[in-house]
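The two complexes that follow have chain A in common; it is paired with chain B in the first and with chain C in the second.
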Partner chain A sequence: MRTVIFATAIRILTPLFLLFSLYILFRGHNNPGGGFIGGLIGSIAFIFHTLARGPKDTVDTFLSLTLRIADRMPGQSRPAYLSQMLKANLVGRKKELPDQWRQHSLRLRPLFLIALGLLIAVSSGTFSFFRGEPYMTAWWPDTHLPVLASLGTPLLFDTGIYLLVLGMVLKMVFTMSRD
Partner chain B sequence: MLFALLAGFMLSFLAPVLHRLLGKLLVVPMVLFPLALFAYFCTQLPGVLAGNVLLQGYAWAPSLGINLQFRLDGLGLLFALLVSGFGALVMLYTKGYLGESPLLGRFYLYLTLFMTAMLGVVLSDNLFCLFIFWELTSITSFLLIGFDSDKEEARTSAWQALLVTGAGGLALMGGLILLNLATGSYTFSALLNGEKFMATHPLYLPATLLLLLACFTKSAQFPFHFWLPNAMAAPTPVSAYLHSATMVKAGIYLLARLGPVLGGTEVWQMVLLMVGTATTLLGALLALQYTDLKAVLAYTTISALGLMVSLTGIDTPLALKALLVFLLAHALYKGTLFMVVGAIDHSTGTRDAQMLRGLGPHLKLLAAAATLAGLSMAGILPFFGFVGKELLYEATLHSPRLTWWAFGGAFVSGLAFVAVASLLSYGIFWHKASVSTPVKHAPSFSLYLPPLLLGLLGLLLGLSPSSLAAPLLEQAFQVIASTTTELHLALWHGFTTIFVLSLVTVSLGVLLYFLLPRLQQLPITYQRLYQNGPNKLYHLTFKGFLKGAKAFTRRVQGGYLRNYMVTIVLFFCCLLVFVLWRDAPAIDLSQRVHLLQEVRLYELVLWVLVMAALLYLLNTRSRLTSIVVMGLVGYSAALFYILFGAPDVAATQLLIETLTVVIFVLLLHKLPAFTYLSHQYRKYKFVFVSVLFGSLMTYVLLLVQEHAVTSELQQFYGKASYLQAHGRNIVNVILVDFRGFDTLGEITVLAVAALGIFALLRLNPEKGGKR
Partner chain C sequence: MHPNLLLLLPLLIPLYGAIACLLCWRWIKLQTAVTAASQLAWTAAAGMLLYHVLGQGVLATQIGNWPAPFGITLVADIFGALMVLTGTVTGLAVFLFSLPGLDRARKRYGYYPLLLFLQMGVSGVCLTGDIFNLYVWFEVLLICCFALLSLGSTRGQLEGAIKYVTINFLASGLLLTGVGVLYSLFGALNLAALAQMVQEANHPNLSLLPIAGVFFIVGFGIKAAVFPMFFWLPASYHTPPIAVSAFIGGLITKVGIYTLVRLFTTVFVVSLSFALPLFLVLAGLTMVIGVIGAAAQIDFRKILSFHIISQIGYMLMGLALYTPLALAGTIFFTLHNVLVKTNLFLISGVVAQAEGTFALKKLGGLYLRRPFLALLFFLSALSLAGIPPLSGFWGKLMLAKAGFASGNYLIAGTSLAVSLVTLFSMTKIWNEVFWKKKKKPAPPVKKTSTDVLRQRLLYLPVIFLMLFILLMGLYAAPVLMLAETAAAQLLHSETYIKAVLK
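For the complex of A and B:
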C-alpha cells in the first residue's frame, strides 16, 4: 500500500477526514451522524495514515507532542521565562535545538482515549445532580452557535462515545500492525 | 450529606496524585478531611439531640425506587461520629505506621474510600442506597486486606473476606427486595413509620433469614467468623479501623436498624440469641489459645460482636440500651488496643505475646494507652467499659428467653476479656522481667497519640457517663427501641448482685491470666475441630469451585470458533422452531406473490450482486478474495438500508465494513496458508446449518410483516424528540438521550472488550507468554 500517490494524498486527506468526523459528530443531533459514526470516520482517517506510512509515523504526527524545555536562567523573571518557552514551542520548531534545551515527549495513548471517553460520557450525566434532577437528565443551556447548533449534555455524552470508539479502533489497529 | 460523600470519593481518588505532589505532607489533607466531617456532624448534634430527624433526598432512578436518600437520626449520627472521628485518628496513625511506603497514596485512597462508603451505609435512608454502600465497604475491605499483595497470605485472606461478605451482600440484596415487596416501602423512614412487618406474612421468614445472613457474614458471626482472624493479614490501621471499630459493626447497625421492623418475633430472638452466644463462646475460648496479639484481639472482637448480636436478640429495652453502650465502649478500647499492638510490632518487630516482656519503662506513653484501654476492656470501675459490662450482665440476666445461655456467654467472654486485657496491659508492659524485649526505635508521635486519645476518651466517658455519652445514646436508643423510655447512665449502681458478679468476673479473669501461659503451651485443643471447621469447608468449596469451572470450561470451550458458531445458531434455531411450532402462525404466501411486481430494478440489481458474491464466496480458496467479497456483500446491505430510508444505519454499516476489511488485511499475513483440513461431510453439516438458519430468519421476517405490531413508540419518539430533547435525528436522540443509560452500558462493555482484545493480541504463547 505504500505508493507515492497514496502517501501524498493521505497527508492532505487525513486532516480533512478528521474535520469531517467532528462535523458528523456535531450534526448528529439533527441530521444523520453522531458520536459512533464520527468516531469511526475519525479512526478511518488514522488507519489510512497508518496504512500509508506505518503506525510509528502516525503516532509521531498526530498523537504525540514534543515540548522543548529549558531551565530558568538565574535572574530571569517568571513571565519572561514563560514567553520564551511559548516562543520556542510555537515558532520555529524546525530549527536545531540549542545545547541546554531538553525535549520532552508527550504521547496520547489509545487506552487513555478510551478511558477519557468513558469518563466524559459518565460525567456528562452528573450535571443533572447539581440541578436536583435524576442522573442523565439532559440539560440544554440556551446557546446558539454556528455549525454546533445548540450545546447540551447529550452532546457531551456523544463526544465521550466519539473518543471511546476512536480509542478502541486505534488500539486494535496499532496493536495489530506492529510486528 | 451527599456533598460530604462526594467530596470523600473525590479526595480518595486524588490521594495518589497528592502523594506525588505533597510527599510526606499527604497526611495533612487526609486527616483534615475526616476532622471536617466530624465537625460537620457535631454541628448536627443539637438538632438531633432535640429529637429531629434530618432527611435529604436526591433522585437517582425514581421509577425503580432507587434514590440517594439520607437520614440523620440518633443512631446514624452515633455511627457517623464514630466513623469520622475514628477515621481522623486512623489516618494520623497510618502516617506513623506506613509513612515510608511508596504506596502510601494508594493506601490512603482505599482507606478514605472505605470511610466514605461506611458513612454512606450509616446515613442511607433508601434500602438500595444502603446496599450499594454496603458492597463498597466489602470491596474496599478486600483491597485493604490484600494491600501487601506480594504476600500469599494477604491475597488468600482478601479473597476469603470478599467472597464471604460478598455472598452476604447477595443475601442482603435478596432480603431488601423481599422487604420492599412485602411492605411496599423503599426507605427506613417509611418502614419505621408504617405498619409493623407481621410475622404471619408469607415473606417474613425468607426476608428475615436473608437479612440475618447478610448481617452475620458482615459481622463475622459463627459459622462465618473465620474470615475475620484471617483478615488480620491487613496492615494494623486497617485492623483497628475496619475490623474492630467500624465495618464489622455494619451488621450490628443493620440489625439495630431493622429491629423495630422485624424484631419481637420468636424467629428473630431465637436465631440471634443462639448464633450470637455461640459466637461469643467460640471467640472467647479461641482468644485464650493464641499468642499472636493480633489474633487474640481478633477473636475477642468476634466474641464482642457475638455479644452485640445476642443483645439484639434479647430485644428488651434494657438489652438495646446495653447494646449501644457496649458498642461505643468496645469501639474505643478495641481500636486503642489494636493501635497499641501495631505500634509495638512497628518498634520491636514482633507481636508474639511470649517474646514481649517488660516494655513499660521504654514505651511509657504507649503503655499508658494500653493500660487505659485494658482497664476499660476488663470493666474496672471508673472506665466506660464498666458501665457497658454492668448493663450487659443486667440485660442478659433479665433475658426473656434462654437466660442462662445468654448470661453464660456474657460471663465467659467477660472472663476472657479480663484475661486478655491483663495480658495486653500488665503482661507486656509492667510484668517484671529479667530481660526486657529490645526496642529498635521509639514509636513516633503519630503512633502513640491516637491510641492515647482514644484510651483517655474511654476514661472520660466513664467518669461522667450521664452528661457526655447519654444524650446521643438516648436518641439512638429511641430509634432502635421505638419507645420513649428514657435512658439513664450511671457509673455507680450501688452494691448489687450485678456488682458482685463484676467483682467475681475480674478476680476469676485475673486468675485465668496467670493460667494463660499454660493454656498457650498446650497444643491448641480444638485444633482438630478448627481444622475441620468452616475455614476448611471454605477452602474445600473454593478449590472445588475452581476445579469444576476448569472442567466445565474444558468441555464447553473447545477452542474452535466454528463449533461455537454452530452451537449458538443451532440453539437459536431450536428456540425459534419451538415457538413457531407452539403458536403455529401460518403465512399466506399466495397473497404476497403480487408484491414481487413492485420490485424496482435497482433492488433487483443489488439482489443479483449479493447472490453472485455469495456463490463466489463459497467457491473461493483465497482469503483475500473472500474478505473482499464479504465486503461487497456488506456494502450492498448498506445500499439496501439507504433504499429503505435508514441513513444512520447505512452509514454505520459502510464504515464498519470498511474497518473490517482493513483490519482483516492487517491480520492476513499473520495467518497460516489456507488448507482444507476438514472432511467433506463436515462441510455439508455447515451448509445444512446455514440453510436452516437462513430460511428460519426469512420466515420470521415475513411473519413480522404479516402481523405488524401496533405501537405508539414511534409517534412518541417522533413528537418528543424535538420538543423535549431538542433534536431532529430520532435515532441519535434515542441513543444519547432517551435510552442514554443503555448506551452508557454498551460503551462500558466496549471499553472492557477493548482491554480484553488488547490482552489477547499481546499474548503470544509461542514466544513464552507476554511480549
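For the complex of A and C:
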C-alpha cells in the first residue's frame, strides 16, 4: 500500500478524519454519534497512516514526544535550569542538538489510552455521588458554548469511551502490523 | 451509608484497582500494592454491604436515575451480599497466594488487572437486578476467565482455554437468545418487574414462560457445569497455575448456580412444575458422574476439578427440592464450597511448589516432611466430604434433611452415597500425597533462605481460609441463621420487588 498517491492523500485526510470524529463525539448526546463511533472514526486516521507509512512512523508522528535534556551545570540555579530546558524544547527545536544534550522520547502507549479512557468514563459517573444522586445520573451545568452546545457528565463519559476505543484499535493495529 | 454508594463500591473498587494497574503496567510492585489495597477495600465494602442489607432489608439503586423497569438496577439481598463477601474473602486468599506463588512473567502480562476485572464481574453478577445486565456481566467473567486461563500461553493452557471459551460462547449465545425470547414475551428484563408480572399472573404470555426458561437452564447449566454439559470444566481448570485456577475453580462455577437460584426463585416460578423434576434428575446425575470421574483421576488438580462438578450437584439439589430448608442448604453449601474448594486448590499449589508436580504417582511422604500442611489438607478434605463438625457437614445435613422431609429419598440417599465416594477420593489423595513412602526420594536440594521464606508465605492464604472454614463448621449457628434468612428472602420475592419498584 505504500504508494505516493496514498501517502500524500493521507496527509490531507488525517486531520479531516480526526476533526470529523470529534464532531461525531460532540453531537453524540442528542443525535446519532457518540464516543464509541467517534473513537472508531478517529482510529481510521491512524489505521490509514499506519498502512501508508508503517507503524513506527505513526508512533513517531502522533504518539511520541521527543524532549531535549541537558544535565544541570554546577552552580546553575534551578529556575534558570528549568527555563533553559523549556526554551530548548519549545523554541529552538529545529536547531541541531548541541553537545552534551540528550534526546529523551516519551511514548504514549495505546494501553495508557485505554486506561485513561476507562478512568475518565468511570469517574464521570461518580460526580453524582456528591450531589446525592445514583451513580451516573447526568449532570448538565448551565453552560452554553458556541460549538459544543452544552457540557455535562455524559460528554465526559463519551470522551472516556472515545479514548478507550481509540486505544483498543491502536493496540490491535500495532500488534497486527508487527507480524 | 446511602445505598447509591453502598451498592456501587463492590463494583467500583476492583474497577478502579484494575485501571490503576493498567496505568502502572510496567511497575509490578506498584501493581501489587494497588491490588492489595483494592482487595482489602473490596472486602470491607462487601462486609459493609452485608451489614446494611441485614439491617435495612433489600437495597436497590437505579443507575443514572432512570426508573426501574427501564433503567439498570443494582439490588442486594442477603444471598447476593453473602456471595460477594465470599468472593472477596477468596479473592484476598488467592491474591495472598499469588504474591509468592505466581511467576513474574505472568504478573508482567497483566495477572493483577485481569484478576480485578474478574472480581468486578463477580460483584456485577451478584448485584445486578436486570437479566440483560446479567448476561453482560457473564460476558465480562467469560472474557476475563479466558484471558486468565490462557495467560502464559503454554500448550496445555491454550488447549484448555479454547475448550473453555468454545463451549462457554455457545452458552452465552443460548443465554442471549433466552433474553431475547423473554423480552419479546414480556417487554421487560428487570428481574423485579418480571417477578411482579409472574406473581400477578394475568399476563397473556405467561404460559410461554417455560420456553424462555429452557434457554436459561441450558445456558447457565453449561456455565455451572451441570450434567451433561460439564466436560469442559475438567478439561480446562487444571491447566493454568494455581493462583488462577483456585479463583476460577473455587468461585466462578458457583456464580452460575447463584444465577440459577436467583432466576428460578424470582422469574421462572410458574415453570417450576417442569423445571424442578428436571433439576432433581440433573442434580443426582451431576453428583454421581462428577464423583465417579474424580475416582478415576490420578492428578491432584484433576481430582479437585471433578469434585467441583459433583458439588455443583448438591447445590442444584437444594434448588430442585425448593423448600426453605433446602434453599438454605444450597446457600450454606455454596458458601462453604467456595472456601473449601479454593483452599484445596491452594494446598495442591503449595504441594506442587514444594515437589514440582501434581501427579499422585510422583508425590509421597509429605506427612513426614510437612505435618502442618498435612493437617491443613486433612481438615479441608474432611470438610469437603462432610464429616462433622466441619462446615461441609452442616450443608449436607440440611440438604439431606430437606430431601427426606419432602419424600425424595432417592436423591437424599444419592447425596449421602456420593459423600462416601468423595471421602474415598480424598483418602486417595491423602494416601498418595501424604501417607505413602516416596519411591525415589529426590536428591536433597540446597534451599536458600528466600526459598524457605517463600514456602512459608504460601501457607498464609491456606491458614486464612482455614480459619473461615473452621469458623463455619464449629460456630455454624449464625451462618445457618443467615442462610435461612436469605432463603426466606428468596422465597418471598415481594420484598425484593418492592425494594426495586418502589
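The rule is short, and it goes like this: the second predicted complex is superposed on the first by the 178 of 179 C-alpha atoms of A that agree within 3 Å, B and C clash if a C-alpha of one lies under 4 Å from a C-alpha of the other, contacts with A are read in each partner's own complex, and residues count from 1 in each chain.
Just so we're on the same page, contacts are C-beta pairs under 8 Å (C-beta built on N, C-alpha and C of every residue); 3 or more make two chains touch, one makes a residue touch a chain.
All values reported here derive from a predicted model rather than from experimental measurement.
After superposition onto chain A, the modelled positions of chain B and chain C overlap sterically.
Contact with chain B, but none with chain C, is seen for A:44 once the two complexes are overlaid on the shared chain. Residue contacts after overlaying the shared chain place A:32 against chain B, while chain C stays out of touching range. Of the two partner chains placed by the overlay, only chain B lies in contact with A:175; chain C stays clear of it. By the touch criterion defined above, A:55 reaches neither chain B nor chain C. After overlaying the two complexes on the shared chain, residue contacts for A:122 are found with chain B and with chain C alike. Look at A:112: by the touch rule set out above, it reaches chain C but stays clear of chain B.
Taking chain A as the reference chain, the count of touched residues is higher for B when chain B and chain C are set side by side.
When the two complexes are overlaid on their common chain A, residue A:158 makes contact with chain B while staying clear of chain C. With chain A used to align the two structures, chain C clashes with chain B at 200-208, while the other stretches in 2-10, 200-208, 362-370 or 380-388 stay clear. Note: residues 111, 114-115, 118, 122, 129, 132-136, 138 of chain A belong to the chain B contact set and to the chain C contact set alike, using the contact criterion stated above. Chain C makes touch with chain A in their complex at residues 2, 4-5, 8, 12, 15-16, 19, 22-23, 25, 61-65. Across the interface of their complex, chain A is touched by residues 2, 58-62, 647-648, 651-652, 655-656, 658-659, 662-663, 666-667, 725-729, 731-733, 735-737, 740-741, 743-744, 747-748, 750-751, 753-755, 757-758, 761-762 of chain B.
Across the interface of their complex, chain C is touched by residues 109, 111-112, 114-116, 118-119, 122, 126, 128-129, 132-138 of chain A.
Of all residues in chain A, those touching chain B in their complex are 28-37, 40-41, 43-44, 47, 51, 111, 114-115, 117-118, 121-122, 125, 129, 132-136, 138, 140, 150, 152, 154, 157-158, 160-161, 164-165, 167-169, 171-173, 175-177.
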